[in-house]
Structure formats: C-alpha cells, structure tokens
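What follows is subunit A paired twice: with subunit B in the first complex and subunit C in the second.
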Partner chain A sequence: MANPVIEALGLRKSFHGRPALDGLDLHVSAGSIFGFLGRNGAGKTTTIKLLMGLLKSDSGSVRIFGQPIDTSRKAIEIRRRIGFVTEDKELYPYMTVEQLVRFTRPFFPTWRDDLERRYRQMFDLPPHRKIPDLSKGMRSKLMLLLAISHGAELLILDEPTDGLDPVAIEEILRELVALAAQEGATIFFSSHQLAEVEQIADRVTIIDRGRPIVDGLLDDLKARYQRLHIVLQEELRDPVQWLDGAVHIRQEGRTVSILASRNATALMEQALSLPGSRVELCPVTLKEIFLAHVRGN
Partner chain B sequence: MLWMKAWFEIRWRLLFSLALVLSPLAGFYLKGVPSPEAAAKVLAVVALLWVFTAVPLAGAGIRTQSPLQGTKGLHGSTQFTLSLPVSRFRLLSVRAGMGLVAMFALILFSAAAAWLCFPILRANSTLSGFAAWILTVACCAAAFHAISILASTVLDEYWHVWASMLSIGLLKWLTVRFPPPPSLDVFRVMAEASPLRTHSLPWPAILVSLSFAALVFAMAAKLVETREY
Partner chain C sequence: MLLRLNPSSGIPLYLQLIEQVKHAIEMGALRPGEQLPAIRKIAEDLVMNPNTVARAYRELEQAGIVEIKHGTGAFVSQSATGPTKILRRAQAVAQTAIERLASLGLTEEEIRRLVENELALLRVAKVKEPAHG
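For the complex of A and B:
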C-alpha cells in the first residue's frame, strides 16, 4: 500500500491478563477515509490510545507518518500533525469555548484562521459559554473545530458525530469528505454508526475481540458480498449445510437467506438446482456485513 | 497556555487555602496576642496550615483537576491534554510550578498579614529575621508539595490528598522516633529552632528539603512518562 499514514503490525495489548488487542494489523493510506468498526469492547478505543501514544503495546509496532512513536520527542512531532476527537468529548470544565480555542491554538504552528472562522460559523458555538453548559453535540462540534482548525494531516475521530442531530451529521460528513479530497487529510473514523461510515469511508476494518475480521476497500467489499434470497417450493427437512463462501445463513420455513462473501454465482447455481426454487441476488449494506461477521465470530 | 490552564485549576483552591490560613489569624487578632509566647503559638499554627495547604495546591499531576473537589478516576479531558503536542514532563512541571508559585504567594500574603496585624511580632523580631523564617518554611513546604505531586501521579486526586497527609505524618513520626541531627530536622527548623529564635538561616535543613523535593519530583516525572492513561 502506498504512503501508509498509519501502519500497525501485530499489535497486542492486555489489561490484567485479558487481551484487548490480539495481533491487530492496520494500514491506512494517505488521503483516505478509513472506517474502523467494532462492537463495544472490541478494542477500538484501545487501538486509538495506542496510536496516540497514551498506551504502550505489549508487542507489535505502530508507525505514524512513517515514524515509530518510541520517544517523547517523536510523539510530540507526530501529535502536532494529528487532530483528535476523543470518545467521551470531555474538555476542561472551567473554560469557555473562547478560552479553549485560545488555549489550543498556540500548540499548533500550522493553525489555520480560515478553518477556525469557517467552523465557528458553521457550528455556531456560543463563545462565552462554559464547557459543562454545552450539550454533547456542541462538545462534539467544538472538538471537531479544534481538531480540524490546526490543519491536521491526520484526523483520528472516535465517534465524532455522537450527540449530533441528523442535519449536523450530514454537514460534518460532507466536510470530512471535503477535507480528504481538497486538503489531502487522512481520516481515521471510528464509529458505531455504520451508515455514516458507509457514506464516507474508502476502506473499512471491522475488529472483534481485538482481531481484524473484515478488512478491505468498501467498494470491493460491497462488490464481493451479496445476499441470496431463496424461496423453495417446500420446506427443507434438514437445515441448509454450511456452504463455501457463505458467511451467514438464515432459514425460515421455505425461505433461506444466505450472505456470501465469495462464490455468490456458484451458490446461486447450487440454489437453482433445488426443485422449484426462486433465487434473488441482492446487494448488501455495510451493516449486514458487520452483523454477519460479528455475530458469526 | 499551560500556565493559564494550571491557574484555572488552582485559583479556587488558592482562595480556599488563603481563607483557611487567614481565618485563625483573624481569630487571634480579635482575641489579642499579648505575649511573645502567644505570638510564637500563632506562627506555629500558621506554619502548620502552610504545610497542609501545600498538599491540595500540588494539584493532580498531569490530569485535569476540578477547581475545588477531588475527582475520582480519570477526568475525560486528560486524554485531550495528552493529545496535545507537549511532553508529559512539561505538563507536570508547569502544574507543579504553578502549585509552588501559589504556595509561595499564600505564604507571603498570610505572613505579611500576620506581620502587619500583630505589633508584638514586630517588637520581638526584625523584618530580616521574619523573612528568614518565611524562606525556611517555604523551602520546607516545597518538600511536602513534592510528596503530594508524587502521590498524585499514582493515585486518584480523591485519595492522593489523604496519602500525602499520611506520608507527612509518617515523616514527622520518623523524625521523632529516629531523630536526625538537629540541623537537618526539617520539622524542628520550622518551629522550635526557627530563624526567629536562632537568628540565622538553617541552610542544612533548607538544602535537605530542596534536594528531597527535587528527588521526589524526578520520581514523579519518571512515573508520569511511563504511565498509561
């Protein structure tokens, strides 16, 4: 993969003997929007903390912008190029919006006044309101403003649309796509909102129990995965056997639904050979792929 | 900007500490301080309060601190702080530095109040002797401040105050149980062997206090660099 901005190999991390990450590999290329998905406790936030240098891995390596985060000096240089939105959106409770922007700006020599103005206007944040008096959605917007305004080359966003209304979500997703397209920013987008990830991501990794279970370009995944709806003439006596390429099979009466990750055509031919069956091949959503793998795992 | 953050975190604590030190002074003022012995008692109480206020003023290390309450666990904004392009050493140094500045300001302000309010102090000691006493107590309090910084790097803010107080109590007990040479006894030079009585600066005790503070701070900095958040 050309120009990986994030490259993690064989990351392992345990807490009190319980593995949170179990050999995770990540490759995020420059200028891409990378969707990072998983259930609660799958290891997403642990991964993000490792990328930010807040945790140290038990084994494996992380390189960001081609540099390992092995010394304090390198970590500072790397963090200067990263915009980060934390999962819980907690900011200093004793500061106002204005004070927090003034506090953050000097840490980043690449701070862009034009971006700050643009997002202040777009997010309509009350400058003199204290952080605890902001709604979660407003705090999300403020964190995004701080992360984006310093002209970050890499945005690491942990549930960035948490608490936002649909209109604001739509605006932000559009801005993220524009940032990647126009500014060449790389976006690492961790979210439970599969529809949002599907809307903007180029590449997706789904992790479960600290391991990647699906990884690929979103278009490739959507081309590869297909759902077969089979309506049989009569109910099968025995359950459908696990077929090569089938990720998930659901059988209810005379209907069988198969999610295939490959061999969809072969599966279709196999289904058509059953007497009197009708088969329909349907495209799948990211949510279907996610659920099939996570439940199956 | 880190100094601004530290100031936001400490300002109410400083005000609270100031009220804590000035309240007994006001009480003594209203009651009257008739003798040099009574004045010595006032100063002993003030010095004890300075030592105790050194603990909450040390702050919560590199973690976000609430303005007045102790917080349990890690405040979420600590992750925001740690994502800034600043070393953990600098974060800790600025927070500890602001704590020291606040502590010295508190000591100076309340000492000036005592000097102005109690004529008997002015009658029985010189300004330079009084200044030497303030300097001695401030340097000794820096050691207790450093203990609190170390405790804050390994414990919740809620617990680190108690742990620091206990550590100071333990140190006091150790100096009673196993007395060090008088010139090195930090507790002694703040009270019965203070510069107000000896009319000279207790340099060995000051150096011991400052060296101890530097050593404990270095330990805290090492812990902060390696700790996971």
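For the complex of A and C:
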C-alpha cells in the first residue's frame, strides 16, 4: 500500500489479564475515509487510545506517517498533524467555548482561521458558555471544530456524531467528505451508526472481542456478500453441507436463508441442485454483515 | 443533476453512481462533450466518499462513456449516444419478454423478482474472488 498514514501490526493489549485487543492490523492509506466498527467493549476505544499514544501496546507496532508513536521528538511533531475526537468528548471544564478555541490555537502553527470561522458559524456554538454546560452534541461539534481547525492531515475520531441530531450528522458527514476531497485529509473514525459509515467510508474493519473479523473495501464487501433466500418443496431431511462462504445459515421449515461472505455463485448452484428449490439472491447491507459476524458467535 | 444514492441498498455505491451517469446521458441531462461535475463537487453534493466517485469515473472512462482530460475534468464522450440505438433494440427485447411473462400469468412483482435475480447473478459473476478468501 502506497502512503500508509496509519500502519498497525499485530496489536495486542490486555488489562488485568483480560485481552482487550488480540492481534489487530490496520492499514489506512492517505485520503481514505476508514470506518472502524465493533460492539461496545470490542476494543475500538482501546485501539484509538493506542493510535493516540495514550496507551502502549503489549506487543505489535503502530506507525503514523511512517513514524512510531512514542515519546520521541518526532512523535510529538507527528501529533501536531493529527486531530482527535475522543469518546467522552472531554475538554477543559473551566473554560468557555471562546476561551478554549483561543487557548488551543497557538499550539498549532498550521491553524486554519478560514476553517475555524466556517465551523464556528456552521456549528453555532454559544461562545461564552462553559464547557460542562454544553450538551453532548455540542461538545462533539466543538471537539471536531478544534480537531479540524488546526489543519490536521489525519483525523482520528471516536464516535464523532454521538449525541447529534440527523441534520447535524449530515452536516458533519458532508464536512468530513469535503475535508477528504479538498484538503486530502485522511479520516479514521469509529461509529455505531452503520448507515453513516456506509455512506462515506471507502474501507471498513469490524472488530469483535479484540480481533478483526471483517476487513476490506466497502464496495468489494457489498459485491461479495449476498443473501440467498431458498424455498424448498419439502423440508430437508438430511442437513446440507453448504460450501465455503456461508457465514450464517437459518432454516425454518421449508425456507433456508444463507448469508454468504463470498462464493455466492457456487452456493447458488448448490442451492439450485436441491430438489424443487427456488432461489433468490438479495444484496446485503452493512448492518446485516455486522450482525451476522458479531452476534452470538 | 444526480439523485441521492442509497448507501443501504446493498448495491455498491460506485455502481449506483455509474448507473446514474449513464441514465443522465440517456435522458439527455448530460450531452456528448459536456463536462461532468468535478469529483469533489459530486462527493460533497451527494455526501459520499471522493474515492468512490473517482472509481465510478474511472470505470466510466474504461467503458468509453466518459473521457478524462487531465487537469480539466471528465467529459461525456462523443460516442456516448451510441447506446440509444442499442437502447431502442433493448427496449423491444424487454417489451417482448415482459409481455410473454405476463401472458404466463406472472404478476409485476414476480417479473421484477425474476429480473433482479438474473441481474444479481450477473453481478456476482463479475466479482473477483479475493486471493485469501
């Protein structure tokens, strides 16, 4: 992969003997919008903290812009090129919106006044309100404003649209897309809103219990995953040995529903070879892929 | 000009966009030689990934429907209206097929499902299986 902005290999991290991450690889290329998905407790926030350098992995490596994340001088320079939005949207509790923006600005020589003005107007944040008095959604917006305005080439966002209404969410998505398109920014974000990931991500990784279970270009996943809906003339007496690729099989009387992660054509032929069967192929949403892989494994 | 795509439909977005552009050309909303909107603009207007838009443009170029002039943009190719002759033939084929299916007693919904099935098989056949599965 040319220009990997984030390159993580074999990340492992345990807390009190319990593994939170059990071997994660990440390859995020420049200009990509990368969706990072998983249930609560799957290891998303741990991963993001590792990427931010707030935690050190037990094994494995992380490189951002080709440099390892550690406490060296190079690492500090790299952090300047990254904008973060954390899960709890924590900000200094004793400042107002205005004060926090003015406080943050001088840390970043690449601060973009134009972006700051644009987002202050768009997000309509009350400048003299204290941070703890802001709603969750407003804190998300403020954190995003700070992350974007300092001219970051890479945004690492943990649930950036948490607490926002649909209009605000759409605004944020459009701005993220504009940043990728106009500024060539790379965006790595975790989200529970699968629809929004489906809308703007070009690549996704789904993790479950600390391990990656789905990874690839969203377009390719959409093409590879198919649902086979099979209606038989009689209920199957002997169980069928379905070919490779059948991820989730549900049989109810004379109907069988198969979610295939690949090999759909071969599975279709296999289904058609069953006596008196009728088979339909249906496209699959990201939600279905997610649920099939993480529910009750 | 272009309609919002449906990210949850299960059909890859770049394919939906390709169809939209082809449809716009067939309907005359885009004419031969006319410039398509910049990738950036489409990405922002439709709120979709610019890489996805770029992929759709590349495939339209490979199919000869669009010409990409570096530094200037993407233009509908002169030969892009060729399809109207093919379209007229295709429409005749579709009309005959649907009349025959209807005379067999199939409902509109049944016919639609039959067609969707065949299209899905076509789509699946085009997908390159990844090396590592």
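Everything that follows uses one rule, which is that the second predicted complex is superposed on the first by the 287 of 297 C-alpha atoms of A that agree within 3 Å, B and C clash if a C-alpha of one lies under 4 Å from a C-alpha of the other, contacts with A are read in each partner's own complex, and residues count from 1 in each chain.
FYI, a residue touches a chain if its C-beta (ideal position, glycine included) is under 8 Å from a C-beta of that chain, and two chains touch if they have at least 3 such contacts.
As the structure is a prediction and not an experimental result, all values here were calculated from the model.
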### Query
Given the superposition on subunit A, are subunit B and subunit C in a clash or a fit?
fit
### Message
One more residue to check, A:Asp70. First (subunit B), second (subunit C), both or neither?
### Response
neither
### Query
Now for A:Asp165: first (subunit B), second (subunit C), both, or neither, which partner does it touch?
neither
### Task
With the two complexes superposed on chain A, say which partner A:Phe107 touches: subunit B (first), subunit C (second), both, or neither.
first
### Message
If we overlay the two complexes on their shared chain A, which of subunit B and subunit C does A:Asp58 touch? Say first, second, both or neither.
### Response
neither
### Message
Once chain A of both complexes is superposed, is A:Gln182 in touch with subunit B (first), subunit C (second), both, or neither?
### Response
second
### Message
Going by the contact rule stated at the top, is it subunit B or subunit C that touches a larger number of residues on subunit A?
### Response
C
### Summary
Note, angle between subunit B and subunit C viewed from the Cα centre of subunit A, nearest 10 degrees, works out at 150
### Task
Could you tell me if A:Glu235 is touching subunit B, subunit C, both of them or neither one (first, second, both, neither)?
neither
### Query
For A:Asp124, is the partner it touches subunit B (first), subunit C (second), both, or none of the two (neither)?
neither
### Message
In the superposition on the shared chain, how near does any CA atom of subunit B get to one of subunit C? Answer in angstrom.
### Response
27
### Message
Show me the subunit A residues, by the header's touch rule, that subunit B contacts in one structure and subunit C contacts in the other.
### Response
none
### Query
Which subunit C residues qualify as touching subunit A in the complex?
7-15, 39-40, 43-44, 47-52, 55, 113, 116-117, 120-121, 123-127, 129-130, 133
## Note on the structure
The residues of subunit B that touch subunit A in their complex are 1, 4-5, 8-9, 64, 66-67, 75-77, 79-80, 82-89, 225, 228-229
### Residues of subunit A touching subunit C in the complex
31-33, 170, 173-174, 177-178, 180-182, 195, 198-202, 216, 218-220, 222-224, 226, 244-245, 262-265, 268, 279-287
### Query
Which positions of subunit A touch subunit B when the two form their complex?
49, 52-56, 72-73, 76-77, 79-80, 82, 84, 86, 88-95, 99, 102-104, 106-108, 143
